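A, B and C label the chains in the order they appear, each numbered from 1.
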Amino acid sequence: MEPVLVVDGIEKSFGGLKVTDKVSFSMFPGDLTAIIGPNGAGKTTLFNILTGHLAPDAGSIRFEGKEIAGARTQDIVTMGMGRAFQITSIFPEETVLDNVRVACLSKLREATVFIRPISAHKRATDRAYQILESLGLEKFSDRRAFELSHGDQKLLDIGIALALEPKLLLLDEPTSGMSPEERLLTRELIKKLWSLFNLTLLFIEHDMDMVFGIALKVLVLQQGALLVEGTPEEIRSNPEVITAYLGEEL
Amino acid sequence: MESNKRGWTTQWAGIAVLALFALLPLVKTSDYQLTVANNVLLWAVFAMSFNMLFGVTGMLSFGQALYFGFGAYSVGLFAYYQGTWWFLPALFLGMAGSGILALLIGPLVLRLTGVYFTMLTLAFAQLGWGIVVKWYDFTNGDDGIQGIMPPAALSNKVVYYYFCLVLVSVSVWFLWRISRSPFGLMLRCIRQNPSRVRFLGRRVKRNQLRIYVISAVFTALAGGLMAGVDNSVHTGMWYWTTSGEVILMSILGGMGQFFGPFVGAAIMILIEDMVGARTEFWSMVIGIVMLTMVILLPKGVVGELVQLKERLFKRSSALGV
Amino acid sequence: MDPSFLVIQGISGLTMAMILFLVASGLTLLFGVVNVFNFAHGSFYMLGAYFAYTFVSILGFNFWVSLLLAGVAAGAFGMLMEMLFLRRIYGRAEEAGFQILLTYSFILIIDDLVKMVWGTEYKSLQRPDGFSGSVELLGMVLPSYNLAIIVLGLLVAVGSWLVLSRTRGGRIARATAIDREMLSTLGVNVPLTLSLTFGIATALGGVAGALAAPLRSVTPGAGIEVIIDSLIVVVLGGMGNFWGALLGSLIIGEVTAFAVAFVPDWASLFSFLVMIVVLIFKPEGLFSPAKVRRA
């Protein structure tokens, strides 16, 4: 099987400080991989590099066989990389439906059609309802997005990313700021979405129940470098990881 | 769907208002009333095309006078040098020229955001104003151009009024369709969260440029038609206070509402007209109205009314009515 | 070319630059500290000119005393505007747009107020005693009032900088620009600081108007001309940058003075051209290295 993503030795420094240090890993179709690491380990920076928000100083990123290191965000997204954000990033004044629908329209290349009203775009509309249903948000579809609870806004953020039918979906701390109940629900939901939409998923997470509960593979970052990668069992029993990271939190 | 229902309300309200404007020549008591109504219509188009930038996409341009003046002077100069026959072709040439000008200036101003964008649009417009004022041999400078007559078929005041009303209705319809289309949704999304729009795989600047050009074209239409209302053009049309005036109209009526700028234009023109007849200090009255609006009714007349309606509706449904 | 002609034009440019700087430094201070874009700043310039006219020509005060009083009066007006109106919109969503509108409405109101109080006809103001003639310097005859403005402008520049950088009040003002919340937890009266900054900035504008009054006629609408020029200056220097405003003023003052001398018909276009070029190539202003300001 061809890998979706091959990251090879990428590096990034901010004013002499190495925030990403020769990171290499691969993602295959259907992978469900978690990235963990203490605060400041460079997890979000890694996402920013993958999505073209930052250009790496060195190294290569091949997405579906094409080099994307330093490419523009909109081009990387068009190639099939999706991302949901740690700090919820939605369109607050639009309806919940339109938040997802704008992404569906974008995927169908109908986002810049003018004259024809949105409601006449049946395919995008149906698809948006389908995604809202899978997230359990369909009952809010006519509400403005800012009226949703924090947890639901995070789900909506994921929904926008899902609507683009990404070949690889990056989730940045999907459960941050959620209540314990919401976390539990979100954990199950992400697992469900993963199998429902045949996703390839890479997520950053601090909640260890989530990481060890659903991830098939775990990457541990420390000070910008990849400390170790393996199955949840291997990570849990890895002495290096325990001393570096897990020891304090578990 | 609630949002669709509101869309229908807006659409019927718009049709009703334009129908009222169509009835006006039957009940008017003087040609002057017709001129005022025509002013309202044309400023409404100007303000609504500005609001596609500001209220919808979040681009505060302080230089829309450039395209207004361009449209007006295309008509004015062609009619002055080439004769009345050129009035209509010049109107459309002005729109096309304005679009091209916006296509050239747009990429430059769109390199900047926020206050810097605003200032650069202002600078370009002022440059245009300066050129028109100083190029006396060609433009008549501050004297302006008088005696601009629409072609014979449109020379009757009432006919010209209906001619404007038709073009205004078409423009309003077109802008309305844009705002209900996927493109309109994309523009609103750009205002609220441009970086997320990039994560939809869309180019923010390209879409901003599209609406910038569209706005310029309709602004030029309003300017060109205005030349036939006043039968003259003057350099004030290019001046930054003209750009300022449409900003005020949008806010006054409500920049979050499609017809807000229309209502704002009507209120502003009527204030100028009524207060102007009684005192020379009408700009102070506008200033005070504006100040009050900014402090007390920041959503604008239409926006506050819509909110009031929503609040009443919610209360009655909570009571089980 | 006659070198003394160049010097005379240079002096005239410097004079204009200093007056512009007084207006623009206030504008840039407001932008930097209060985070307000004061579109009505030119109106305080105009008010200063009218106040000075009233004090000198109607009440018969000494010119320099009137200059000071005009500044105080314009500043008081500015503080009132901040305390009664601007304060109410701080922190509102899309505040920048509302700031422009609110201050724009003050342009309209103050313009008409001036017409009501002083009428629409031009007013003129005599140069102060001892500065009506010219002085001979290095074999050239130079107008002494222009030299006085240049010296005074430089004094105000250095003085304001000292106040901003060396006094407790100045340090508080600069800190306000960075973190208002932090300062209020430290017990600083932030609203008062903002009002005072507003007062000082508009007072500078008022003084500029009073100083310029003997050179230009005093008219309603003077504020609108000056606000556009000082905007250009502020943008050139980098918004919120004090010394940048000085540099911007010098550029605009000199460019305009020499443009007037060589291409009089098109002179007024040059400042816009300079602004367009700078905004396109260095939008953060000439004076501020981009990295420092964004850090």
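We adopt the following convention: a residue touches a chain if its C-beta (ideal position, glycine included) is under 8 Å from a C-beta of that chain, and two chains touch if they have at least 3 such contacts.
Everything numeric here is computed off the predicted structure, so don't read it as measured data.
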Fewest hops from subunit A to subunit B - one hop per pair of touching chains: 1
Innermost chain by mean C-alpha position: B
Centre-to-centre distance between subunit B and subunit A (centres being mean Cα positions), rounded to whole Å: 42
Centroid spacing, where centroids are CA-atom means, of subunit B and subunit C in whole angstrom: 33
Separation of subunit A from subunit C, taking each centre as the mean of its C-alpha atoms, in whole Å: 50
Contacts with 2+ other chains: residues of subunit A: none
Of all residues in subunit C, those that touch subunit B in their complex: 37, 85, 88-89, 92, 96-98, 100-102, 104-109, 111-113, 115-116, 224, 228, 231-232, 235, 239, 265-266, 268-269, 272-273, 275-276, 279-280, 283
Subunit C partner contacts - residues on subunit B that touch it in the complex: 54, 60, 62, 108, 111-112, 114-116, 118-120, 122-124, 126-127, 130-131, 133-134, 240-241, 244, 247-248, 251, 280-281, 283-284, 286-288, 290-291, 294-295, 298
Residue ranges of subunit B in contact with subunit A within the complex: 1-4, 174, 177-178, 180-186, 188-189, 192-193, 195-196, 198-203, 207, 210
Residue ranges of subunit A in contact with subunit B within the complex: 51, 73-75, 77-78, 82-83, 85, 89-95, 97-98, 101-103, 105-107, 110-119, 121, 124, 142, 160-161, 164
